[in-house]
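Across the two complexes that follow, subunit A remains constant while its partner is subunit B and subsequently subunit C.
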Partner chain A sequence: MDVEREHDQTYQAAEVQRLANGLDPRGRGLGMWAFVAHRITGIGLVVYLLLHLLVLSVLAQGPHGWDSFVALARTPVFLVLDVVLIAGTLIHGLNGVRVALTGMGFGLRHQRPALVALTIVAAIALVYAAHRIFTS
Partner chain B sequence: MSWHLTFRVFRYRQDGVSPRFDVFAVEVQPGEYVIDAIERIWAEQDRSLVFRQACHHGACGSCGMRINGHEKLPCSIAIRSITTDGGTLTLEPLRNLPVISDLLVDMAPFYERMERVHFTPVRTAEPILDEASGTPAPQPSPVLRFEDCLECGLCFSACPISGTDPEYLGPAALAAIARMILEPRRGVDIDGLRRLADGEHGCWRCHTAFECSEVCPTGVDPARSIAALRRQMAGDGLGRLFRRWR
Partner chain C sequence: MNHAAPHNKAGLRWLVQAGSGLLLLVLLCLHIIANHFVVPGGLQTYADVVRYLSNPVVLILEMTLLVAVTGHAALGVRAILFDLGLSREAGRNVSLALGMLGIVAVAYGAWLTSKVIGG
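So, the complex of A and B:
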């Protein structure tokens, strides 16, 4: 391997590392935490949508296939996944409202308190939703 | 009383060897600034350490780097404000700009953006109005004013979008456009700047992580400027839409 190529590879590895560090919110401001949480929940919701469409294809197998799936979906593991899904939806949706407002200049000075307040709202809604999921 | 600190310093040479961290033990006075310790490392322990510095008082913005993961000007950060005796400071170059060596990055991509938006750090100020009469007060010569932006690149390094879109104008250039629109300079095509800000790599690429405003050493608050640009662009767009309907 010639020196130039080796240099390119080490340099690219360093660049990838630096990029990864750039998405690491540890030690950074609340806004950066919200930014990363928004990306993670966004990807999670897209994956869920694809899985959801895949699951709906079970309908094509007729009532028996669907009833089997519903029985599986009522198991505790799936109910926990439901709670995770609701958590992701709440975080992404509520932070989306904050981003839409602050991105247009509304409430810029209050973006940190707004994030804290929306996180509390999300937590309360999540606890309520989890209670309903596991008790109904 | 002296403090004994450990400095982990990012080292990189364009010679094919992987980047690494070198560790230096440094005795400092807590009231000293981080740049003092870096210069002592260079002077007393390793003359090959590459970094950039000039004014030593936060006016030139040339020494920007990451200290414990945060974009800072080491000439403006007192050691006692970020660590204690026996502490460790990790020094790394700015992100989103090519590393030339060690702590030195190539600022050209950043400066090119600032030139592209015709940012002038020094401008001739508008006349000062006399409070009583409301008319321009007599002044012996044109007054020069300095913009707050040092062009240090800290915001460009902290911005997560600058790291993912190589063409993104970045917080400083967008804040500069906002300033130019607010106070147009002679010979600058403001409509062209508006189009640039409204373009694919302009203000709409910002994802409001607010890191630019968090790290700005002079309070430029680029996030606020970007939001102001967006409001303006959205208003202009809606205006055009309504005019078309009428």
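So, the complex of A and C:
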């Protein structure tokens, strides 16, 4: 029984290692970095979505609850988090466009330049968004 | 037995994922612009929010955004979890749980919106 349990634990540890290695983009192509970034930003956006729904519950408290929240949302920490959110959305969204197009057979031979171009677009959009967030 | 059925389902899920993603690009842009740039300074007061959500066109767009983002998120999380190598039974349970979580999220968003509009 103990030998079986030890085998299970060894097997599970090996499985975790295999998965971790499979998701490690180091030493691999640009596409793997894009895949990992897509997944990480996706998970981040899911967490944000749940928090967003939760936070919006202050609306149910009426004007007082909402006004207090808006005051908090305009603090520097939250503004920085807004920029991080925009960055995650741009990375996930624009890479998603590339994945959708290549998945449908468009631009299969131009994936690397498409990825580079979309990264540049995302960087420009992020700088603009950060400027608007901190100066509005 | 239709051996192509699992592949058809997977293909359909991919199409829904890609389609909802492309739809989200448009809806999210509209959502961000409307919430932060149309009214000077964005939707600052509770009255701004009520006025905004009382517009039927806005209401339809926001509900569509909620459904699209919830579906896209649920399918995305499902894809990540399935890549971990789930058993058939675990996969079914994951799909069911995510589906239910999605329904709860959309229902909650719809309830909150109706509460805000209704006052």
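Quick notes
In the analysis below, the second predicted complex is superposed on the first by the 135 of 136 C-alpha atoms of A that agree within 3 Å, B and C clash if a C-alpha of one lies under 4 Å from a C-alpha of the other, contacts with A are read in each partner's own complex, and residues count from 1 in each chain.
Here is the rule we use: a contact is a pair of C-beta atoms (placed from the backbone, for glycine too) under 8 Å apart; a residue touches a chain by one contact, two chains touch by 3 or more.
None of these values were measured; they are calculated from a predicted model.
Residue contacts after overlaying the shared chain place A:43 against subunit C, while subunit B stays out of touching range. Of the two partner chains, subunit C is the only one touched by A:93; subunit B is not. Shared-chain residue A:76: touches no atom of subunit B or subunit C. With both structures placed on the common chain, the touch criterion links A:104 to subunit B and to subunit C.
In the superposition on chain A, A:67 contacts subunit C only, with no contact to subunit B.
By the touch criterion defined above, A:31 reaches subunit B but does not reach subunit C.
Shared contact residues of subunit A with subunit B and subunit C: 19, 99, 103-104. Put simply, subunit A touches subunit C in their complex at residues 15, 19, 39, 42-43, 45-46, 49-50, 53, 56-57, 59-60, 62-63, 66-67, 70, 89, 93, 96-97, 99-100, 103-104, 132, 136.
Those residues of subunit A that touch subunit B in the complex are listed here as 3-4, 6-7, 10-11, 13-14, 18-19, 21-24, 26-32, 34-35, 38, 99, 102-105, 108, 111.
Interface of subunit B with subunit A (complex): residues 12, 14-19, 68-70, 95-96, 99, 158, 160, 163-164, 206-211, 214, 223-224, 227-228, 230-231, 234. Residues of subunit C touching subunit A in their complex: 14, 18, 21-22, 24-25, 28, 36-37, 41-42, 44-47, 49, 69-70, 73, 76-77, 80, 84-85, 105, 108-109, 112, 115-116.
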